[in-house]
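Both complexes shown next keep chain A, but they swap its partner, so chain B is in the first and chain C is in the second.
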Partner chain A sequence: MVTVQMEEKGIFDQFKDWYTNRHEYAKAWKEKGGKVMGYFCTYVPEEILYAANILPVRILGSHEPQDVTEPHIFAMFCPFCRDCLAQGLKGRYDYLDGIMIAQSCLHIRQTYTSWDLHIPTDYSYYLPHPMHVQSPQATPYLREELIQFKKSVEDWIDKPITNYDLKRGIEIMNANRRLMNQVYELRKKRNPPVTGLEAMYMVVSSQMTDKHEHNRELESLLQKLSTRDIGDPGERLMIIGSEDDDTEFLAMVEDLGATFVTDDHCTGTRYFQEEVNPSEDLLNAIAERYVKRVPCPSKDWPKRTRLDHIIRMSKEYDVQGAILIQQKFCDPHELDTPAIKEELEKNGIATLFLEFDVTVPIGQFKTRVEAFLEIMREEDLF
Partner chain B sequence: MSTTKYPSERLKSWGKAKTLRENYYRDFAEAHDKGGIRWAGGAWSFDAIPAGLGEDVWCLTGEPYGATVAFNKELALECQEAIETKGFARDLCSYMRNYWGSIILNKYAWPQYSEEFPKPDFMWQDHICCSHAKWYQVASDLEGGIPTFSIDVSVGPYEELTESRLNYIVGQMHDGIKWLEKTTSRDYNDELLIKAVQNEFRTCHYWAAICELNKTIPAPLDEKSMYALYVLGTLRKSSQWTADYYEKELYPEIKDRVKRGIAAVENEQCRIMTDTQPPWAFLKVFRYLEKYGCVSIGSLYTFSLIGLWEDKEDGTWGPRSIPEIEITNRDEALRALAEWNLSKPEWQHFYHPKLKSEMMIRIAREWKLDGVLLHFNRGCEGLSLGIAENRLAIQKAGFPVMPFEGNMGDEREFDLTRTMARIDAFMESLGMKKLVD
Partner chain C sequence: MTTIGIDLGAKNTKVVILRDGEILTTASVLSGFDQKASADEAVNNALRNVGIARDEIKYITATGAGMDAITFANDTVTEISANARGITAVFPSVRTVIDVGAEEGRVIRLNENGKVVDFGINEKCAAGAGAFTEAMARALEVDLEKMGEMSLKSTKAVPMNAQCTIFAESEVVSLIHQKTPKEDIIRAVHDAIADRITSMARRVGIEKEVALVGGVANNIGFVDSMTRNLGYDLLVPKDPVVPEFIPAYGAALLAQDELNGG
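Let's turn to the complex of A and B:
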């Protein structure tokens, strides 16, 4: 990848700024009179929160060493869940009015429960969510859970959420998804106008800003991207794995001359690829979207549907190599990694497996990524 | 010099439990020779449902099998190294790795019954822990593709059970029966299902009733022995042989021990409980505790992995009563089975550690404990979930806690010497002196 040509103002700066200054943003938003909900997993139906004029903010870590979670979460659980809890224990999310989780992996569930025990908030909600998303029973079940959740939010804000509100919530979410899909579509080009790092700032910032504002920024971005040229992408890479907002890692890899052209992350495509298909029963439509979205590996059974999905994406984006990266101790991903690695390699895509911790050992990873790229380049020679 | 405070004697029904366990592994290995079917799945799977396929259906539950492998250190290491070469992480569930390793090595932990790992005809699993359904997804891959059906039971705590949550599970069960018929080409027999459900009620009730008797001082059972007894419920809780053994042999025997003041540990002077699965290759830890006159009366794990409990009228915790209902058809049987299982104490902490802390503190009080040993078990993320919060809550309730780190099925992650040293320090802090060198 070549360096981005000088732009009057970095067209992704706003996204980066939102990501970097997420707390300041949320506090300022709250001053306008709204409630802010911290959430722990992308299975949380933000549509209902937007319908209630609540700002959903995904709780993420800060990638700093910390010593406050040891008494609360056994060290064999993933560093991400501990890093997230550390943010709460350090008071960095003290502006939250409520917290919630939609059931997914056990690890992040502990962050929610320890937060619930030790960090007082006005509202706390555990949303049971089907793990057997391949079952025909999943959507009707989730629909009923969404009815309960909606009622709980109504009680909290002391105001009914109407069908009109729900439609508004769905539309704001769908617009955000549609716009980000359009940006990703451009990454399929021979010379993608977006780097992996920029895409990450874009997607992750959407999880912590008001999507009305985020959508406006995306619309403006799309206009600018149509003429943007950042040159030869180098090796076209895909990044696959668990929660990942390790911008430092992406920057390092792309500095070595490769470009991430797509991903399978819950801070990437898994978050936004599918829209809600509105129908008369709006909660059923929302339930259907969360049941049928590209699953987190914790919900991808008995069939491993992500294999086909990943291979399809790798073809659409003309991927040459994949970095499989996961949070250390992340069982759901560990259970899929060997199968994904094998399938990618069977399809001629080189792979590199790496494990994240709270901090990224950037020097060691750089050596391994350099070697990985070298191998790919040698194969190109012959 | 040992101080004998109480009479002690061996369990009369011990040999029967051993025989039942051996028969179980033999029957699975020999199922095809008898023209029968064999399936594999978890210890919490709804084993009453495949029972409706006929009386010649045998199963292999993964967790007890993984523990059996763990008990054989050499085989366990071989299994673990085999699976690591396939790219699976060392921090995954160690039972699961032991089980997968057996498949790859094609070695059965009971070579007297089969040299080779007996390939199941189908997989039938439940899902509440992240590893459950994925365990058999991978196992199916390793076996070259075996039909697999898993039922998600993670619908929130029992105290918040709703009709739609129950319907979600029951709906999957109905789908599962259709799948079983299609997969095995057999007609399903609802009468056998109903019989199995009723057996399961008895198994879960009587195991809890047996554990309740350990409130007595001296405790008639120690946890190390309980491991060899509760396991029957994890092998096949819906079988007549398990239910009959608990109801007609073990329960009367333990009741009789209580009546006669028979102790599991003859110099009992200190009572503790543990938590989560023990490091199976190092059960000698429990014998070491006995040198201090310390008996582990069990744990939430041994009590309620299979046993079901409820609040009694006098405010105490006791065995959940066997439902006095007439089951006349498949749907009633499935609903009763789902509802029964959802009350399982060991399923509650998956949603919040406070639910487990409350039960553990209750055990500590009602079983009159002096302290608690918490196994921070690197081999099981499901049962270690929230354990750090449990520690804080139990301490806050006034019970001394000794955490120790280990792994139920991977001896490479257990430090025996260090654990013994911690026990010495813990016993000293409780004011206990060694009664036996």
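Let's turn to the complex of A and C:
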């Protein structure tokens, strides 16, 4: 029994390995003769990069304390944006051929700007992205910007990106999204065959590996998951918030006997939930996808569309409790938190609010999470 | 039926021995580097007080920051639940518990059944907790025990914008340089902690009655600042236990509940 468990656990090892050894992976990929693009934020249209045979790699932090960003980023900007810049300043992404960002929040844009200023790369691109995604003009606006961006990439690689290439780019991205959605679908089961930690490794690793390879791994994973049983999930939790690849936190919570069954994170569902609907005008189709996707709270205005979305998801996944977690000083998320908390509680879902820093204060968080679970367990008795 | 509650706090380890609902004795020792040894010492001291052998103890429940180190406990429970159980036994009418310990301040909201509805714990900074008063007492060369009494003699509120213990200490130094009377500085220190704790309490939601527990609740100056902030009296336990023993008492009661079949 134990050996079976161990063996089964191994089915997510490849994702964890990609995540842990992200730099080695990208360097090895590059050896084969391709360009690697570091990007900030999941609004970057990776379809166009895949169409140009460029490997998009999302730049993330390392969760280690650092002392190199103080001259470049305000101390009260979020820890994530500082952690990301520190990676650049320390030379950990020295293999990148280019960097880019699509506008979301100011904090991460400062990381991009500072990186561009202090860490030379062959190519850099700032993609303006509509903030008012609820406007009917948002898609045409982004389409125009994508035309410019595509041209800029073509100039860089000195090769045209054809419609055929774009279709290829869309297909590979869509296949990745479809497969991850299929895995998430299984988490709705009474006994989900996937833990929250495993799901996080799966999604985050997809942001830094060649999706051709990632898709193959997902296909093989799905076959194994159909018969996998890891037992009673305990409390079914949802995790909601800003950038989060704090695997240590998820592991701690799940060690206490609860399971994350879904999330609203840009390292989770916000990254992959929607596919591009290919139409005649491919750039328009891509633009539409990024305008209509579940938004980052920096763009969810004036209507808070995430409220309905989160409640709908919590019902689909039969969520009992939600942990709202955000990077310290992340104003967009903080602004939404009271509304989300209220809406969840109105729907009978217990909530716990926490703030991340660069390192995770596991001991202090553990007390809060334990008390949160104790409250939920008490309620169960009555 | 005899049970023990142990609260292994950041500064002190508190023990309560309970027999059939009645407190037999309490004991407190400093939490040392070896937390299990501190728990052992506190338990042995308490047992010696009343001449009970260890094997008479039917159930031990541990709580507090270091609870996981107490490997001989039958069960662990967070400070939040322990506080709720303890305070409900002393003051059934309490809906909000404010617990200020050495390193942490906590606010716990209860429903009419004494169950936890919501809670808040101060962030990493210890400015809203007892360690802060201690540091300030050192800076002012005043015995910690005298801080409360002295601050009541203050005639003037001095604003102190303390965000953290370190910054607050330099503010205190500035006040000393300005020849501010000690009494006023001490009151400013208590007001600063009270402001931080009250802010957190407002976030969690304050509902009457409000109880103040934890070691800092023994400081009458701090109680005074809290009373001024809230505009009404707070309940501070005296009998059967003093404020810092409420979580250990709660843990002992939970141990007893466990033996009674939950």
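Keep in mind that, in the parts below, the second predicted complex is superposed on the first by the 376 of 382 C-alpha atoms of A that agree within 3 Å, B and C clash if a C-alpha of one lies under 4 Å from a C-alpha of the other, contacts with A are read in each partner's own complex, and residues count from 1 in each chain.
Keep in mind that, in the parts below, a contact is a pair of C-beta atoms (placed from the backbone, for glycine too) under 8 Å apart; a residue touches a chain by one contact, two chains touch by 3 or more.
Just so you know, these numbers come straight off a predicted model, no measurement behind them.
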- Task: Mind checking the superposed model to see whether chain B and chain C fit together on chain A or clash?
- Result: fit
- Between chain B (first) and chain C (second), which does A:320 come into contact with in this model arrangement: first, second, both, or neither? neither
- Message: So in the superposed three-chain picture, is A:370 touching just chain B, just chain C, both, or none of them (first/second/both/neither)?
- Response: second
- Message: Comparing chain B against chain C, which has contacts with more of the residues in chain A?
- Response: B
- Task: Return first, second, both or neither, reflecting whether A:335 touches chain B, chain C, both chains, or no partner chain.
- Result: first
- Based on the superposed arrangement, let me know which partner A:42 touches: chain B (first), chain C (second), both, or neither? neither
- Note on the structure: To the nearest 10 degrees, chain B and chain C lie apart, as seen from the C-alpha centre of chain A, by 80
- After superposition on the shared chain, which partner residues are touched by A:87: those of chain B (first), chain C (second), both, or neither? neither
- Query: Which value, in Å, gives the least CA distance between chain B and chain C in the superposed three-chain arrangement?
  - Reply: 5
- Task: Could you tell me which stretches of chain A are touched by chain B in one complex and by chain C in the other?
- Result: none
- What does chain A use to touch chain C in their complex? 355, 357, 361, 363-364, 367-368, 370-371, 374-375, 378-379, 381
- Query: Which bits of chain A are touching chain B when the two form their complex?
  - Reply: 70-74, 76-77, 103, 105-107, 109-110, 113-114, 116-117, 126, 128, 130-132, 135-138, 140-141, 144-145, 148, 297-298, 301-302, 304, 328-329, 331-332, 334-339, 341, 353
- Message: Show me the residue ranges of chain C that touch chain A in the complex, using the header's touch definition.
- Response: 65, 77-81, 115-117, 119, 121, 123-124, 262
- chain B contacts chain A in the complex at 86-89, 91-93, 127, 129-131, 133-134, 136-138, 140-141, 148-152, 154-156, 162, 164-165, 167-168, 171-172, 175, 350-354, 376, 378, 381-382, 384-389, 391-392
